[in-house]
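Report on the following structure.
So that you can tell them apart, the chains are marked A, B, C and D in the order they are listed, and the count of residues begins at 1 in each.
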Amino acid sequence: MKKDQIELNVPSDVFYLESVRVFIGKLSETLRFSKKRIADIQLALDEICSNAVYHGSKCVSSGIQLQISVDTRSLEIVVSDKGREGMQDWSTPEKLAEIQANRSPTSERGHGLYLINCLTDDHKLQANTVGGTDVTAIFYRDVKQEKG
Amino acid sequence: MKKDQIELNVPSDVFYLESVRVFIGKLSETLRFSKKRIADIQLALDEICSNAVYHGSKCVSSGIQLQISVDTRSLEIVVSDKGREGMQDWSTPEKLAEIQANRSPTSERGHGLYLINCLTDDHKLQANTVGGTDVTAIFYRDVKQEKG
Amino acid sequence: MTGTEFMDIRENADIKIIDVKTDLSSYAASDLRQVLEDLLTEKVNKVVVNFKDVDHINSTAVGTLVGIAKRLRQNDGDLKLCNLASTLTRTFNLIGASSVVEIYESENSAIAAF
Amino acid sequence: MTGTEFMDIRENADIKIIDVKTDLSSYAASDLRQVLEDLLTEKVNKVVVNFKDVDHINSTAVGTLVGIAKRLRQNDGDLKLCNLASTLTRTFNLIGASSVVEIYESENSAIAAF
């Protein structure tokens, strides 16, 4: 199946995530996701990119990368950061289970990964070769596969 | 002066230029260009990217690249294509003068370069090493309203 | 001819009114061209294009409108535009296309001008 | 305290009303936190945040509101939200924050609830 590839590299600064969000929103709109799905995709990506900036970047110039693949079946987005000290190996199944177990609706932080889990059709967190994290988010274009 | 760098690669398909346009629009907005300037920047980039797709790409997978530099003084965008047969050396001063001389307000085509010239603060067209064209568009920021 | 994803078509006596529902860059411009070509094929010769919901137009779309306007005039008809945001009027003016395609403030004034 | 680029501040008796004029992702969330912290410093303890012009909120901004709501309650005050688009309510519900921060349909009902 033919896949179209898009790549977007921005500095590790939440300032630029506004522009990333409208890009993802318009892309999802042209791919004919529903209004509700577009909001979900934008929020999931906002959380992934905010994490890449806050937890996965040494400084602004570290940069984060989005690799976007579009085919007839899905929109797949891989967000990669370069990591920073003390943040290695955070995405092992044990660590992730611990993060999830500790989440409380009444706490100020710690809701990002939970939302990513709720809002994507599928997702994956993997340590990458440069010491950072690759977060893959998949959204199926078939409305029937939509989650809650 | 510190420069922030953004890179965006999209397939050579006008379908994706919608998303590029809103990205450029939001970026210009966060950089505090005025509403009118934002419209100018979006139109100039639309023309440059449409040309890169229509005249500077062999096929969809050729791809076009935007390299965006932001500093306190300006927003600079270089749009690169890979070129296609019969389109080499079109951007020499002589050829460009010929294109401009032939432009007629009443004709259906041939207004893109003219608009690019009107709407940018500065611009440059250069043959690149892969047989395509690099079009550089520069927009000066209102120094009084610069980013914090 | 009942319109497309991006365009609605209405009529007022012998005038067809196209409501453009999307920004007009290269992607949607081909849709606009198709709609207008179809009207020409149907021997429609009076057309108003309503830009109320349009925030952006590029030279490809302007050129399409210029070309269609000329062909409609050859058939003793015309193409008139209405409800353009100031940024859109600016684009027509920069190109010089406002000397070829007539631009009106409102749909009513565009219709009345036929 | 008269607001910022992204927030206007009005008052109704002893209640401060913040009109948020931007989408609330991480960039603007820090602005929101600053505005709310400043109100706490000024010993304001009744705050309504008006989301009429907001289309997007992320977990950082929701968390900020949860934290401020708790602190205002410690001062016998409260934080109430109004005019949320359905996508925003959904985000509060998913996180579970709607059990902590009160959400009202309109500004009037938010004010009346103090």
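Note that a residue touches a chain if its C-beta (ideal position, glycine included) is under 8 Å from a C-beta of that chain, and two chains touch if they have at least 3 such contacts.
Note that the structure is a prediction, hence the values are computed from the model and not measured.
The minimal number of chain-to-chain contact steps leading from chain A to chain C is 2. Centre-to-centre separation between chain C and chain D, using Cα means, comes to 45 Å. As a whole-number value, the distance joining the C-alpha centres of chain B and chain D reads 41 Å.
Once the centre of each chain is set as its mean CA position, chain B and chain C turn out to be 26 Å apart. Within chain B, residues 15, 18, 21, 30 each touch two or more of the remaining chains. For chain C, residues that reach two or more other chains under the stated contact definition are 27.
Annotation, chain-chain contacts: A-B, A-D, B-C (touch as defined at the top).
Of all residues in chain C, those touching chain B in their complex are 23, 25-27, 56, 58-60, 62-64, 66-67, 70, 87, 90-91, 94-97, 99-100. Touching chain B in their complex are the following residues of chain A: 4-11, 13, 15-16, 18-23, 25-27, 30, 60, 63. Of all residues in chain A, those touching chain D in their complex are 14-15, 17-18, 21, 36, 39, 42-43, 46-47, 50, 53-54, 105-109, 111-112, 114-115, 118-119.
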